[in-house]
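Two complexes come next, and they have one chain in common, chain A, joined by chain B in the first and chain C in the second.
Showing the complex of A and B:
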């Protein structure tokens, strides 16, 4: 028996996986990504003359868990209208039963790759602040991402930051409304715990990515809230800052507070963490670190160094005039 | 603190300090009160002008240059009144303007002209 060449095998695999878009208005392009439950394809929308990204389940999901998860992700994205969250354009089901949704095609680099191009800590911290914005927006709407990691944050060519993959996001308000008697305030989005995971996202009741999962999330504790995202943001911050920058006590304290073992010791949410990073950038005291008096004085001197140097120049000139001219 | 008040306080404060240095010159020590008052008045007027300029022109370099020119000019008037000590009076005077201009523009709060967003804030 003759083995098929690799190229032929990959063409066959692609043909099997490639979604049949007949019945939709989209024209299939190349595959641009692959996740735990499905793949992302470039597709052209001839009606609007634009290229979109189509997320489709790899295989028809008989049990319906993954399909429900994909639909749920689309609804979560639709709820999060923010420049830092990929907008959903359309949803539907393929003739073979696989659900799909169309979203903005994101072009750019992963967070870590984009950060590697930024030479200064200040620029990397500003990039981190832009990651915090959509996360804070989601928290304000009762949504916890639960899978923040560099590959789920894209930085576009103009520096725009987009947080992706909200597939395992948790809806706090919905769960709260489920616990309360009476109808939910908003159309429900079914909570979904998939049986199968995939590369990058662990399966079962523990959802997330090792290394970026908060301890309570890794233990599979119920009641994971916005502070789980704070933990992941802390890990991202540690990675963006780098070991050299973390020698600075105030920045290291911010990372330590964000990644505290107990949720109660962390920042309450992304806005509080971002606010402390802004304070750090502005040379102001951060809530995560209690300064000693000399540290406060040193920070003040660094922050106002130009004004202090000018004042010293004036005093030096005054002293020189007195000493040289005696007046 | 708004730019005008900051300019006024800083100009006045540095004016007092500048005037007090006359104490180190024995021949004018007896006139120190008048010197301090004159120097303070000069600093207040310069600080006020610098504050208004900074409020109108939202530019640190422009305010610094304006501060040096205004304070240098006032110092020149003082030196011209005495008819001597031009360098000794004008150098610290111009530096006072430099400090006042920088601090006022950098730290003072106030809406620059033609910026409705900041005015609204």
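Showing the complex of A and C:
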């Protein structure tokens, strides 16, 4: 047995990891990403003449948890038909038993890199609002992402925002459909973990990313809801705004409310958070902050500065006329 | 699919070395030696600064001790990976000068293993260590290299034994070829006088078989499902979360 050169080792490792697409209509391309449970590869679909992204488990999955999670993610994505959610094209199982799904190939920058190219706070806040849209859409359909972070938000070349990696999303209506008598409206999506504290995740199981996980999620509480995503959105908002902008009390209050320790003190969902950011951008009162009278006056002055300037100019002109002509 | 993706296969070497079946014990030892002798030799030279002769002797001693002192009896898969346990055993052996002095006695007359230490020496001296490579990392790298090399040997036997014609040569050309880029499927089809689809099918078969062989081998070289998962991730270069 001779020692293998480094180049051969690299190629052999790739040969092990690369999905065997024989039996599918796809032709394997390069690896474009790697997540906690699998890797993402470019694959060409010669029949439709397009390149897709193919997500597949890296490893054999003795317990079956990861395979269930991957399939579940594909079904969550299929349920979320929104421009801000990557559409799924196809699902299948490789000859070695690893499940995969094909989705739109997303090109662009991750959120933090894209935001770094935006010079004004206003532009970055508008970008944040576009992140809120698919999350709000998901919340309206009873789905909580649970892993919102910059690397899971992609910004395309035309400013389009896509929220990725719904692998640990939680389906709230699964819980409801279990309690309701009769068959569910649509087939339930299998949870990836045993149900103890709620569907999808057992109480005590911690899934998510430190720094972006709401306190109750980090503790492994079973019943996290949309407000866990609100917390992560608050962290994203803080990052997008930057420390300078957070000296503004109203914006700081929005971040503080989104990232409140107790879920009950947060916005109830992404739409409410987005609405407050829109109010901030429009110079209107935000729900997160009770203004003092002089602050309200100052905000009023800023918001109507053109009209005020015109009024002041008019009054100055009138005063000048009075002084000069005495009438 | 039930029970995961690992097909039922040979038992872990940890159990097989204690088997009552002499053939199974011998096969398990062969697997263990093939996967670990180069990492052990390299580790003794790099970490302990031993010369070629002494490192080769210590490597032989290590495998002799493994059997005579039944070192694997103390191995607990819940506490450490087999790879880590074996490396610590090597460290213990190398650190103990008194034991080193009584090597001949300890060997207990066990026949020395036929290992290509000269080849390992040339390989080691040709490859300068990376500046940030720890002995542990070097041991892991050499282990991965040995596992893949052993899997290649098994792949050749499996494919040739099943009369899978061009699958193995195709795999060698595409995955082990010296050139920066493998020849195109059309070039390979012309070279072997077959169709392009025969080439793609042959390569798919060989890659699938190689993957299965590597995973089988890892199962043999680990003591639990969790360790198997960790070692697979280590071999594939994926950080364990």
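The definition used in the following text is that the second predicted complex is superposed on the first by the 303 of 327 C-alpha atoms of A that agree within 3 Å, B and C clash if a C-alpha of one lies under 4 Å from a C-alpha of the other, contacts with A are read in each partner's own complex, and residues count from 1 in each chain.
Here, a contact is a pair of C-beta atoms (placed from the backbone, for glycine too) under 8 Å apart; a residue touches a chain by one contact, two chains touch by 3 or more.
These figures come from a predicted structure and were not determined experimentally.
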Q: Overlay done on chain A, so just call it for chain B and chain C: clash or fit.
A: fit
Q. In the superposed arrangement, which partner chain does A:307 touch: chain B (first), chain C (second), both, or neither?
A. first
Q. Which partner does A:97 contact after superposing on A: first (chain B), second (chain C), both, neither?
A. second
(Q) Output check: A:17 vs chain B and chain C. Expected answer is one of first, second, both, neither. What do you get? (A) second
Q.
Looking at A:34, would you say it contacts chain B, chain C, both, or neither? Reply first, second, both or neither.
A. second
Q. Which holds for A:117: it touches chain B only (first), chain C only (second), both, or neither?
A. neither
Q) Does chain B (first) or chain C (second) touch A:325, or do both, or does neither? A) first
Q: Once the two structures are overlaid on A, work out the angle chain B-chain A-chain C from the Cα centres, in steps of 10 degrees.
A: 160
(Q) Once the two complexes are aligned on chain A, which partner has more residues of chain A within touching range, chain B or chain C? (A) C
Q: Once the structures are superposed on A, label A:8 by its partner contacts, choosing first (chain B), second (chain C), both or neither.
A: second
Q) Smallest separation in Å between any Cα of chain B and any Cα of chain C in the superposed model? A) 52
**Q.** Common ground on chain A, meaning residues reached by chain C in one complex and by chain B in the other
**A.** none
Q: Would you tell me which residues of chain A are touching chain C in their complex?
A: 1-4, 8-9, 11-13, 15-18, 20, 22, 34, 36, 58-64, 67, 93, 95-98
Q. Where on chain C is chain A touching in the complex?
A. 1-6, 34, 38, 116, 119-120, 123, 144-146, 148-150, 152-153, 175-176, 200-201, 204, 207-208, 210-212, 214-215, 225, 228-229, 232-233, 235-238, 241
Q.
Touching residues of chain A toward chain B in the complex: what are they?
A. 306-307, 310-311, 313-314, 317-318, 321-322, 325-327
Q) Which residues of chain B touch chain A in their complex? A) 14, 18, 21-22, 24-25, 28, 85, 88, 91-92, 95-96, 98-99, 102-103, 106-107
